[in-house]
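For clarity, chains are labelled A, B, C, D, E and F in written order, and residue numbers in each chain start from 1.
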């Protein structure tokens, strides 16, 4: 009687999907980061390669081991931890001791991501948590920059190879980052050098053009919110412009502010980490403005020359509130948002 | 409150407030406590006073090598200095240090300024003979251990002192070369302070407060050098 | 007024020992966190703070339990705090007399022992309901538990942050100090780490227990 | 005397040396009451209010004690006054407005045993602040406390829906977050003029 | 000198405390608010730490909540268990002596005796599956076996047997009713433990056609109703047992059931099926030991 | 000509349309199945009451069940034949519902029985409503709400614009498209009934831009004396949902929990309209409907006019399916319901039968589910402006009340946009359905 002996499958609608997938998005972020990574290796040589490899590998291994220890499926395959590792590596000074890179990588994934429940639940940007921990633990090592450019590709600073838990020894006198140069000595770096990345600084932050290129690629593929970087960059540009108008000898101009330090990398790749940023469009813009303001405040009035990392982390902490506060206006209701 | 239900449910009625037990308890205990504190204060007071003086003297002797005794002086309204007791406090004090032979070694002066985290207070020693800063001692700081606190321990940094030039200009009423801060290893002139790499902010703050303080104090104390000469310190 | 359970008083040893583990003020009750975090950057400070707190705890427990009869409820907090503040002032002066350096290191936290939730908590929860002897045991136990916990934190933070323990250098001069450990953040992380260990041990023990029961 | 500007006193107490995240004051309520945003905000308000009141009281007492030259009575008078003020305010609110009491007053007992209040009184006298400076300091400290509490509450509410491992749940995760927040606040270090 | 000191101290502190005490006395007099005295009593039994770890902003609000019955004393992490029991005893309400009730499942169609029309893919939960074309089970009324009840039971009274059918441990079950709400097919109900005669099926289909989907289904043959007239009656193609006549019920009614849909739940031997139930069914799908 | 209309709604998605296979195929008559089952509940509301006995012979179009109350409609025999049984039959929800089993006479001409006609120009509102109820017409757009109940405008409300829904935004489906092309005059005949009953002064027929031929045909068929407009809207899912359609056309926003009536409009599907235009002038009852049979696993895809009550098994056997068929659902792929049993009959609400084989379904299930990464895609897709991400997180913790109270769960109409775009492949809609069911259970009077 029953012609179809075969059982059908039933599932809940919808029965088709867009085909976008988390691993796909993350893989694309890695792709977008490749030019930056390439330039970093070109500019800083083997030292950068070692730093980046150590960063990515330590993040990957931490994730895998922690997943295994807690009996979860290893989530290494979704590429997100590669993004974290790569971005984390790109924010480190090129000559950082390998063992410190590894310590920070463990912090980034363990403390920044895993303890909060893994992918999707981290309240702070894991890569920056790793960097912030390192900056707090080893401030000297984290603010010592090899002079740019390094003469030979194969040259590895002795600090990179410091024994675990020992203080690294620096072989040559370090260079100053453009921001530090401005803050402490009022030395202005050439805008062309800034743009092309021929300055000293963290591994991946120096070439603003390539970072923008990656950002545009991601934004076009709709894998990143273009609102956040735009809001950040505009805010910084406007604020610094106003300040410069006020007193050009005391305050650096928009061009310098935009293209120095970690602002580009931070605005394009790190503030946009969707997990720790608000979800609505308006929320994203507010979040971007907040980051921009904090960057300016810390850079101009703060004790440290650079503040992108702290600005992003602080805004990460604020983003749940932005999300609470700015809810989309539901169709057919009057008020925007609701108070949970 | 739904008092009917509440009282119906439980027969207990809140006790009437009686004033006397409350007074008895609070005042009684308070007075007893006051007495206890006073007696402990009485007992420990002199020891603490001694400790305080010793601590300050330790700092003075540290910044004025060779000094064996010290005396405190207060700046008066007419820009003169008069002796005062060694446990007095205030921002208008300087301390003179004397060696074995009761000869004036120099003055110790306190100054403060914003560091990396919070206000840093330091004491520095000034020598009339060489017209230099002899040394510094940190009285209070909340700087990062291992970084900011290297202004106390960093040999290179401390090497700046002893020879740090604060001589007056020929006119005698201003410091010829106010102290300057330079990046580590960039020192060329004797009035420059070489920074500490990794603690730039704190070392710069130190240099800045020294500059401000010396510019103000040195012309004044030099003009009144004789005020400090008679050794009439307490010890 | 309140039905009392005089029938099930724990033994004196238990009263003393409970503060070590079962009701450890720091790890279990999570009380008196401020000094725990603030003054545990070195083992020495931690020890000093622990002892100072224990002293105040003990003394206030004694006094509170002996005057508990004649303090009306409405002024209880004020009275107890007066007692505690007195002992804190005394400790403050004693430490100043012993060493000003130590006093500087402990900072305002000596004075803040007054508001350490642990002390008022024990005064209210225990001493005001129990006899002097029991209160002494309780105060001692809690004090020791508190000191142990402080030492746990202080030791870890000093080892990482300074490479030393009780001022003794452990790893030679090339050791890279972990500045974060002596910063405020390090305090939070270290305590969190200890709590993690504690939780992990407790869950593991609970699991073993249920496993045993299941087998039996 | 101290001549810091009111604004820098305020910023210092609120951001740079945040009472909770840099000075470790008021940790118990910070851990206890930061679970829900609404509660956190109200607790913050209550603490700020009490800080203002006790800061003024402390200023008065300090003036008095200096006059009669009895510094040794500082601690005991501060705490006695603060404790009873809090109790009085609590009773007062309870009587006058039960609604307000529900919203605010219930936090008051928690505040008596809050180090932050006493800490504020002690610090402000140690630093020798004048009346207006004391108020700026209290306001900064109170708002800083509220800020830390509110940020923490937001994070904790968010994490409530997360799949945090079991052993981290509870105080441990709150402390982790506090540590991270404290690192974030390090960004404000050295903020000046 | 020292006497002056003592005098200052005594006068200052005395004055201060006097003022404060007066203020408190006055305040207590004027500002006293009438409250349920049990709150005070309960608060007295709490540790007064005001630590907030109970989730309430202090001991008093917690005491209020306790008195109002919103929480249980165990929430307080500070006070020891003895205190908890003390508070519970003080506030305790009479539990009353009712007959023990337990949750019972009205389905015996484990995976060994029933078949599925379609394979459900998606969230692993009965509630989810039930919304997708009923879950794909051949019998629309039957248990989907995706553990919602097991998860819902906070007392671990439910375990799934190896045929994916929930089994209730009568000792552990507290009749909380969580499983009743959890089951999307409404298969659980709370029954007095003495109700031994039980229809383990909900199918409303009539006739043998249902047997193709489930071998232990009730075919509405009405033999049980005939064997126990007045105590069992057929309603909506299912036998309905009148438990008010519980005393007269016996295993007799199960004897002629061809599928074993009606069972006698023996306290010791578990579910007993009638002689007429086919052999495979008699081996039982209902009271399997959980694996 | 306005080919690419600009009127549309915010958010929404663009799934692949997949309509090319069947949109060009004319409607064909489907053969009679050897046995038909007419469920008594094919609509929202109370089931109809059978008025035939087992063994009775019935004529095609004869009323075999009468409405039970106002929110209920009549059923008509889909074929002349014998009533074999009145018993339970499976339905698309999986529930067993009572139905009338009819065995058609093999050699009958299957003439349709006519009743009392209802003339749009003379009948008054009540007569039209009664006639619609008697004709058994329910919403053919999928929801199956009795149309006459919509036409009964409550006291104090009024309708000024009637919207005829020809959007057909679901992928694969082409029934409305074909009806508009081939039965434009029926649509135009149906509109006067609707306008008369509701008092609307104007009618807008909404067509998506991917059916330009339909729009043309309709425009050409507009009678002189009626104010009817054909509006072409850009292609976007779920344009066909009445709330969004009305927003797109008129800029009116239906309040949360409200009806189109609250903004003085009424929305009726074109198929429904055509059916009314066809049945009412002859007093007939509905016994067949147009259905798209498509999907990759179907061999003879097409648009068919099928007897209501035809078992699915017969339908698929007749059109032929691939060997490895694994999944069949009724309706479009976005909202359609999966079929668990081949014995369920085609009902008035069935718009299409879509079948997938193992190849396509494999693609869907190969995806691993990740935690929500808060990408915000779902927020950007949800046409109701909900926060599906937050709702999903809450659903995982079973915080159903918060979902309802704080995040408007009950406004979700399960369009599936959020699930479609979610890169983490979270079954959001399913979670929302569970939550809604749980909330309804809780709120239901005990």
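As a convention for this text, a contact is a pair of C-beta atoms (placed from the backbone, for glycine too) under 8 Å apart; a residue touches a chain by one contact, two chains touch by 3 or more.
Worth saying up front: this structure is predicted, and the values here are computed from it rather than measured.
The chains that touch both subunit C and subunit E are A, B, D.
Inter-chain contacts peak for the pair A-F, counting C-beta pairs in contact. Here the CA centre of subunit E is 41 Å from the CA centre of subunit F.
Subunit F has its Cα centroid 85 Å from the Cα centroid of subunit B. If you average the CA atoms of subunit B and of subunit E, the two centres end up 69 Å from each other. Residue positions 337-340, 371, 427, 430, 433 of subunit F are each in touch with at least two other chains. Each of residues 5, 9, 12-13, 16-17, 20-21, 24, 28, 32-33, 41, 49-51, 53, 117-118, 121-123, 128, 131-133, 136 in subunit E touches at least two other chains. Counting partner chains per residue, subunit D has residues 28, 31, 72-73, 76, 80, 84, 87, 112-113, 163, 168, 173, 176, 180, 183, 186, 189-190, 192 touching two or more of them.
According to the touch criterion at the top of this document, the contacting chain pairs are A-B, A-C, A-D, A-E, A-F, B-C, B-D, B-E, C-D, C-E, D-E, D-F, E-F.
Every residue of subunit B that touches subunit A in the complex is listed here, in rising order: 116-117, 144, 147, 183, 185, 197-198, 200-201, 204. Of all residues in subunit E, only 17, 20-21, 24, 28, 41, 44-51, 53, 77-80, 82, 86, 89-90 touch subunit C in the complex they form. Residue ranges on subunit F touching subunit A, taken from their complex, read 13, 15-16, 171, 243, 247, 253-258, 313, 317, 325-329, 333-340, 342, 354, 356, 361, 364, 367-368, 370-377, 379, 382-387, 389-390, 402, 406-408, 411, 414, 416, 419-425, 427, 429-430, 433.
Against subunit F, the residues of subunit D that register as touching in their complex are 160-161, 163. Contact residues on subunit A toward subunit B in their complex (touch as defined above): 139-140, 143-144, 173-174, 184-185, 303-304.
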